[in-house]
Structure formats: C-alpha cells, structure tokens
Amino acid sequence: MYRVGIVDTTFARYDMASAAMEELKNLCTVRFERRTVPGIKNLPVECKRLLDEGCDVVMAFGMPGAAPIDKQCAHEASLGLIWVQLLTNKHVIEVFVFEDEASSDEELAELADRRAREHAVNLYRLLFKPEELTKLAGTGQREGLPDAGPLRR
Amino acid sequence: MYRVGIVDTTFARYDMASAAMEELKNLCTVRFERRTVPGIKNLPVECKRLLDEGCDVVMAFGMPGAAPIDKQCAHEASLGLIWVQLLTNKHVIEVFVFEDEASSDEELAELADRRAREHAVNLYRLLFKPEELTKLAGTGQREGLPDAGPLRR
Amino acid sequence: MYRVGIVDTTFARYDMASAAMEELKNLCTVRFERRTVPGIKNLPVECKRLLDEGCDVVMAFGMPGAAPIDKQCAHEASLGLIWVQLLTNKHVIEVFVFEDEASSDEELAELADRRAREHAVNLYRLLFKPEELTKLAGTGQREGLPDAGPLRR
Amino acid sequence: MYRVGIVDTTFARYDMASAAMEELKNLCTVRFERRTVPGIKNLPVECKRLLDEGCDVVMAFGMPGAAPIDKQCAHEASLGLIWVQLLTNKHVIEVFVFEDEASSDEELAELADRRAREHAVNLYRLLFKPEELTKLAGTGQREGLPDAGPLRR
Amino acid sequence: MYRVGIVDTTFARYDMASAAMEELKNLCTVRFERRTVPGIKNLPVECKRLLDEGCDVVMAFGMPGAAPIDKQCAHEASLGLIWVQLLTNKHVIEVFVFEDEASSDEELAELADRRAREHAVNLYRLLFKPEELTKLAGTGQREGLPDAGPLRR
C-alpha cells in the first residue's frame, strides 16, 4: 500500500489537508502520515523527513499572505520543496493558495477546498493512473479554478 | 540508440511534447520516454528520474501564465531544471512559453508549436551534430520567433 | 534531554534570544546552546554547526532593516536556513522581524518580544506536543500579531 | 599545459568565444575545448562537464536580451555557474553582455568583443599571474568599458 | 595559529582587504592567505578553495555598482557565499559595500574602509572572543555606519 505524507501549517486559514485526505479516501486506499508545522518555511524539511521515512509522495499545504514579504516566503518554501524532490527523487505536490487569489474569506475558503481536492486527484493519478495525466497533457488544467482549456489553432 | 525523456504538464494549454516528438522522429531515430506531471514545479524531479533511469537528455515543456506569481513559479522550475542538469551531468532542454508572449490564443499556439519543434532540432544537434551548434554560435538564433541574427560591426 | 540551539545577531536591535529562552524555560526543560554572529548571512552556518554538534532544533533570530537591500539579505539568509534544514533533516525555527513591521521603536520591540516567545511555544510543540500543532492546522496562527483565525465558509 | 573550456550559445549575437580565444593565444599557450549550447540555461551543465573532463577553468559566454524575463534567465544561469564552481572547486569566468548595455548593434558588438578579450586577460592572470590580480585589487577594473578606477579619499 | 583567508576583486574601487588585514594585525596574530579574483561571482569558489586548503575563516570583499543588474550579481554572490559556509561548516564574513550607499567618492571610500575594519573586529571576535558577540546580541551594531542601537521598550 502506498504511503502518502501530508504536511500543513498552523499559519494557513483553512484545513486543506483534511479536504485532500477525504478526497483521496474516496479514490483509493493509501496510508496517511500527517504532520503540521508552524509556517511554510518549515514545510520542506518535514516533507523530506516523511519521504526519507518511506512515504512515496507528499502533499505540502500552505496559504501565504498577500504582502510582498509573504510572496518572498512562499518563493523560498517553493524552492525548498523542489530541492526536497531532487534529493529524494519523489514528488511533492505543492498546494499553495495565496490570500489575494480571492476577494472574500468565503471565496478563499472555497478555492482552498477545491484546490486541495483537485490536487488530491493529481496525486491519485501520479500514483495509480499516470496515463491519465498524459491524456490531459497540454489541456490547460487549473486546480481550484475553471480550467483554461487547450489553445485552439 | 539514444533515449530521450519528454516531460510536460497538464497545466500547459498546448501539446508541445507531441510536436517535438514528431519533429524528432523526422530527424533521427531515438527511443522516447514520456511522462506528464500536473504543473511546472514537478518538472524537475520527473526529469531527474528519467535521467537517472538512463535517458541521455530530457525535454521539459511548460507554459506559465502571465501573472507575476506565474513568473515566480517558472523561475523556481527553471532553477530546478539547472540543478537537475548539474546533478546528472546531462542536458535538459527547457521549452517554456509564457502566456504573455503572444496576443491571441492562436498566435500562442503557433509559437508553442514552433518553439517545441525548433528546440527538438537543438536536441538533435546536441546528440548527433554538436559541430552544427558551434557553427551557429553567436548568430542570434531564436526558437519559435524570427532569429535576431548576428550583430554587424 | 533535548538540546536547543539559539543563534542570533549583533545587528538585531532586540534580544529576542533571551525572551525565547525565558519562555521555553517556563514550558519545559531543555539544554541551550547559544551563539551570536554579526549578521543574518552568518546565521545559516552557525545553525548548521549546532545541529551537526547534536542540537535537536535551532531557533534563528534576525531583524532585517526596511530597505530593499535588507529584504534581499533576509531572503538569502532564509534560503540558507531552508538548506540547513534539508542538510540536517532537523527544524530551524526562523524568527525574523522586519523593521518596517512596526511604526515605532517601542512597537517594534513589543513585536519582537512577542514573536520570539510565540515561536518558542512552536518549538516546544514541535519537540513535545506535535499533536497540538495538528489541532491548530489551518487556524491562521500569527506569531507576535493577532491571529488571523480560520476562514469561515 | 592548461586546458581551457569555452562554452557559448547560439542565442548570442556575437562570437565572443572566438575573440577570447584569439586574445588568449596571444598571451599564452593553452589547450582549448569548445562547446556550443542553445541558450544560457544550458551553459552551467556544459561547463561542469568540461571541468569534470579535466579543464582547469572555463569561460561561459552569454548575451541575454533586454526584457525582464531575459534578466531572470541570466540570473538563473549565473546561479548555475556559481554552483558549478563550488561543485568543481574551479573557476568559471562568466562573460555576459546584456542587450540593453549599448544603444546600437555596432556598439553592442564592440562591447561584446572587448569584454570577451578583457576577460580572457583575467583568465590568463588567474592561471599564470595571480599576483597581477592582487596588484589590481580594489582598482575599479571594468571589462569592456572604461575602468571606474580606484576611489580617492 | 589561525589561518584567515582574504578574497577580494579587481572590480572594487577600494582596497578593503588591506584595511581589514591592518586592523586584524593590531588585534591578534593570524596567518593570512590572500587571493584576488576579477568580480564578485568568482568570490565564492575562491573562498571555498581557501577553506578547503585549511583556512579557518574567510573575509570576502566586494563593491557592487548601483544598477539593478549589480544588485542581482551581488545577490548571486551572496547566495554563493552562504553555500560555501554550509559546504565547509566555516564562516565567511561578507564585506560588501554598494556604490549607492554614499553620495560621493570620498564618502564611499570612508565607508568601505570603516566597514572592512569593523568586520575585521567581528572576525576577531568570532575566532577569539565569541562571548563578546553574545554580549552585543540584539544591540543594533552597524559596520561602517553609526550603530542603530538597541530598541527601548
């Protein structure tokens, strides 16, 4: 059975991890390993620990603020998550929602919930149905938002 | 026979991978290994896996959006692709098309198609005709756009 | 007994390290290892040394100025702290306070003091009560500032 | 005999590599190893390969465009070239000319030619005359442009 | 006897290295190893070489220009210097003076001289008097400029 790591933060304002786990449970049977860290700069090392301990893939959830410094923190965390993948040769699905992606708290919560669930589907495909991802290659998928769709020539 | 890795995303809005593979098949005989990931931040690790599994070179296709945060994501992915190259001592041909490089969907699709094909030619030269690349050194080649050409003194 | 590294700078304008150690002493019994470096770009290597010497976790305190170049320095230090974590598989709690986060010296000192103490609680939870962090996942915790709270749907 | 790697791109609009090699041949006898890659993001790995194969030092030539995205690409390549140096403990002389450094094609070609030649002299000094570099320490040397000169107190 | 590496550039417009060495000689007896490279992007590898050859600590001197591209180069060099520290577990004291930190050449030279000397004192403390650094923790020290001083609550 695949082991799926789940790492989130106390900084985020929505429990994306639970939404994603619920979605995954509907799709497949995997073993979860969940950890919570204070902020996004601690996500990379916690993801790496889980992958080193045997997880096959990890989802990393974060919800950066809207200020420039928050974007910078998210950038640092994202680079860290890419290093983690290269150090472990395993995927980390980064699920970040920026506070300025929505215009109200309610809309932001909806976006976070949908993005978490749609990335859970991505993880499911990576593990069980990689050929489905290739069928969707270049089709403009957007997690949590309306798909952009493929370009017409 | 050379093994060529092909990695693209479901986020992109054009199937650049197929265009590049078609172009390559017209130029030479290689063995393809194709994988699709959700977004560009998962490109680096998938490229690394393919290179570790024996691919000689990989093409990485991405189509970032036009917003500042999309540029940041592309920057993170690009750094990751450079690390992959340094960790494997093999080339990754990054084929990114930014959504704001064209003014219509049709134009963007054309650009993506041409860039993919012209980078396929680059890959062909890297593998089979490195001396052709040196003949073109400093001549202002542009993939998918009119060449800038060499400077006149 | 856990060993906790404490690294701060002579550049900072408030002794956050002492505040955090005081807070931690009220919560638990750990052994401290304290080092001070001139500026934030020397924080990463000093944290790494302490972790290599056996510390289980390190707090890294910095107080960058308000100019763009100070933000750049903080960015470099933050990336360094993420690498340290990935190289050691241990957590570094970054406690940075930016000079433009407050409008007076007094307010800035208060913020620095509170942030140091609240991150000390985070460290305590990471070491002794990880399940408390997971209970707080997605609840919008803010260190040194009023919590943002969870989003309502 | 020292082995000098030379790596340039088909993207650049001037053959800086030939200018630098010509200059070096006038100064000393070394063995050249020349490679050409499509764009600057492939410079780092090609430099690393040459250094791993025994080159003592490499010159990396690039000519980024004037748009923000070109600056970003150059930034990524520059970071890659620094990693290459740290991974090999050898020098890479980065010779980049930005398209917005000159106001005409002719001026840009002149700048590229002079910068390539003056960096060739730097490489010569690194290999054969390190004491000459120390004599020039803090004197405001500028490659391809008028020297800034030392500050007067 | 401690071995102190000194690395500077021909690009800089002031001989900060000599100022720092003079200052250090007044404070303690150490053995110097001095090297000069063309520009700041070659500082990291030269520092790493000296540390690998047995230096206990290195000072890296640079004087970036005022244009955005110069800030970017300094950023790249600074990241490199942080990696050097993490790869060697030793300190590099970065002594950078930006050309736009002063309004005249004379003032800039004064700043460079003072910053070099005050960082030499930092290095002395790191090697011989680490407890003095901790006494100064959080007191707002500024190298080459008036100290900001500790915040009053």
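Things worth noting here:
First chain written, first letter: the chains are A, B, C, D and E, and each begins at residue 1.
We take it that a contact is a pair of C-beta atoms (placed from the backbone, for glycine too) under 8 Å apart; a residue touches a chain by one contact, two chains touch by 3 or more.
Remember, predicted model here, so these are calculated numbers, not experimental data.
Listed by label, the chains that touch chain A and also chain D are B.
Centre-to-centre, using mean CA coordinates, chain B is 40 Å away from chain C.
Centre-to-centre separation between chain B and chain D, using Cα means, comes to 25 Å. Annotation for chain A: residues 79, 83 touch two or more other chains. Listing the chains around the ring, anchored at chain A and oriented toward chain C, produces A, C, E, D, B.
Put simply, chain C touches chain A in their complex at residues 71, 75, 78-79, 81-83, 85-86, 89-94, 98, 119, 122, 126, 130, 133-134, 136-143, 148-153.
Only residues 8-18, 34-38, 41-42, 44-46, 48-49, 52, 61, 63, 69, 72-73, 76-77, 79-80, 83-84, 87, 105-106, 108-110, 112-113 of chain D touch chain B when the two sit together in their complex.
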